[in-house]
Amino acid sequence: MSGPREDDQPLLSVRGLGKRYGDRVGCRDVSFDVWPGEVLAIVGESGSGKTTLLNCISTRLEPTTGAVRYRLRDGQERDLYEMSEAERRLLMRTDWGFVHQNPADGLRMSVSAGANVGERLMAVGQRHYGNIRGTAANWLERVEIAEDRIDDRPRDFSGGMRQRLQIARNLVTGPRLVFMDEPTGGLDVSVQARLLDLVRGLVADLGLAAIVVTHDLAVARLLSHRMIVMKDGAVIEAGLTDRVLDDPQAPYTQLLVSSILQV
Amino acid sequence: MTGQAQDIAGGMAAYNFAYLDEQTKRMIRRAILKGIAIPGYQVPFASREMPMPYGWGTGGVQVTASIIGRDDTLKVIDQGADDTTNAVSIRAFFQKVADVAVTTRTREASVIQTRHRIPEEPLTASQVLVYQVPIPEPLRFLEPRETETRKMHALEEYGLMHVKLYEDIARHGHIATTYAYPVLVDDRYVMDPSPTPKFDNPKMDMCEALQLFGAGREKRIYAIPPYTRVVSLDFEDHPFEVQRFEEPCALCAARDVYLDEVILDDKGGRMFVCSDTDHCEERRAAGHRGHLAAEEAYATTEAAQ
Amino acid sequence: MTAQAQQAAPVAVSVEALAKRFTMHLQGGIELPVVENVTFSVAKGECVVLGGPSGAGKSSVMKMLYGNYAAGGGAIWVRHHGEMVDLVSADPRQVIAMRRDTIGYVSQFLRTVPRVSALDLVAEPLIARGTDSEEARERARVLMARLNVPERLWSLPPATFSGGEQQRINIARGFITDHPVLLLDEPTASLDALNREIVMAMIAEKKAAGVAQIGIFHDEDVRDAVADRIIDMRQFAAAAA
């Protein structure tokens, strides 16, 4: 895995982020930065607040407190929640990707694989069918889907293929930041390995920054440079991924690491 | 347009002029005005129950009822024809509740309510074309959530519309959508032109007449003001094109008009005739003859009566 | 290299009062002292071996030198792009940059990655530093050939390789770059005599190229052959709390 480039400015800055659901705390006082080309894993068990955090930093859920700032391609840093909805949505379909755990949430199941990949291109104004299709075919190849499946619908695909298609659909506009919510969640172990390898390669080749939410420490180790451990909505420990996993400091992290089955 | 009650068939319940009460008409006119102000934008309105089932043009009827006046001359067409059940019923309805003059001649009409066609004869600035619309939302095909489609319109996120056209080409090698072909109105809103054949799309562009669209069940009204740019969506390498017909109308020999296929017998015999019956008759009256015109002369004369 | 030359060579790594103890929260928070006050420095071109019996903390120091373990105190100054940077207080991004450009590591065990071939695994550190991928693969081939990794294995993921084969993949991966600091965690442990000789020669070449090397070698022959100095870790043993 290539290391992050040494850009001086973070791509995404999260400060004092909190989300309350009435009296219940979704997450609280979370601060971190993500630099270009860097993969950050957010780990924790169900209910730890990691998905709430992911939704808050990806503009899918408005936080109660704190700020999320993002550096646009022109170098300008903007508070996501001070941007207009039109700007945010444009950002989401051009400069960002979001890979859902369940591919059906991120794909249009009733249109062909080619159209699924091409949609973002059409959304940003591409109007040449041949070029759109060519780009889609190229991306299907990159995610190891045979080109002759380009006109098939995702409902005819296996779980692993659907997930790879979802990744291609997200990466086609060359985003700089991709959010992934348990990207290997519902997949068989062998399928997971293939997907992880693919993601790992794409992230390195494209110099993507990624924020990966996972409960699987092996996924975090394989994909991420840095990780954040969450429990009860708060950050318990953060640092270099192998440091956190090999020398966990917080009691909870030690418990989490010692709970993994060794293969 | 006045609001005097109309005594119908002596002794029966008195209807307001054009069936709808004046408050309802005002509400609908406000929606129409808003629609005209924002070309292509779907304005929600409080659609009323009409004395006909949904799917029979309740949206168009409410629009027509709200704009029609005593001096108007109404034409109603269904699939291009003035003599099908739907057209006859609606025409009779307005004759009864508004006592307006009716016609089958495009040129003579001031209000034309239509289902599925735009007349072949170019419309003028003194005419209003009212479309009956079953499903007003062009994005519905791929995005079932109304909340989401409204947001997409608001933010001009129309990539999805091209996804539909992409699918057509991927599946059929060309854009196979032949009716309800999506258009971009005034360079802003993507609009469903109702299930008219795409053959009629170019007629909407810079049309001299006001075009109003009413969807009764879906409770939406939208409009294209006169002289508004209406562009059919397409791809650079698959440009929009209208249907072409190999042969002219079998009755009036017209070319460059929309033709219906008519099955003549159970041995495969068929002919293509003008979908716009009024246009066809006018041409024949002017002496144009198609290759089957002689045999059909009797039938058409009868139909015209 | 003579003692005088060593003195003249600039310091590449300087460890000052480094300490490590583990707090085992799952066992009632007991403290496991490992080392304290570890102090030594390594010059360019020098190979320093950490000595002492098992449990003396050699591996822990090694892992702290790579940023893999958090230090309990002290500093690890590493010459990174011409400046001395403290690895202990560096933020994760700095540590990643130092690993990419300055500190190489040959661990005892290979961490295999699903579906990545041996060849790509070896070439990866070079590609990460910006070398053209074909050139990186070519250098990987040369190195694997030198380490007698059978060519039929190159295109396979090493998960199923023997211990010795995995070890040699790991060595190739560690030696392929020209990192100015190289950490060697028992690189010869599972190698046969022939391959051990080759690795020793490679260490000598790194020394000649001015690379500062810090190693753990249980094999005395290897240790004596490659070490310029042996630092006995027993002197840094931490007192129990």
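Should a chain be cited, it is by its letter among A, B and C, assigned in written order, with residues numbered from 1 in that chain.
The rule is simple: a residue touches a chain if its C-beta (ideal position, glycine included) is under 8 Å from a C-beta of that chain, and two chains touch if they have at least 3 such contacts.
Predicted, not measured: the structure shown is a model, and the values here were computed from it.
Contact with both subunit B and subunit C is made by A.
With centres computed from Cα atoms alone, the innermost chain of the structure is A. Most remote chain with respect to subunit B, judged by CA-atom centres, is C.
Between subunit B and subunit C, the centres computed from C-alpha atoms are 78 Å apart.
Between subunit A and subunit B the centroid-to-centroid distance comes to 47 Å (mean Cα coordinates, whole Å).
Our note on geometry: subunit A versus subunit C, Cα centroid distance of 32 Å, whole angstroms. Multi-chain contact residues of subunit B (touching two or more other chains) are absent.
In subunit C, no residue touches at least two other chains.
The touching residues of subunit A, counted against subunit C in their complex, run 1-4, 6, 35, 38, 193-194, 196-197, 200, 204, 222, 225-226, 239-240, 242-243, 246-247, 249-251, 254-255, 258. Those residues of subunit C whose C-beta lies close enough to touch subunit A in the complex are 22-26, 29, 63, 67-70, 92-93, 95-97, 99-100, 113-116, 124, 127-128. Only residues 85-86, 89, 93, 108, 110-112, 114-115, 118-124, 127-130, 132-133, 150-151 of subunit A touch subunit B when the two sit together in their complex. Those residues of subunit B that touch subunit A in the shared complex are 142, 151, 155, 157-160, 162-163, 166-167, 169-171, 234-238.
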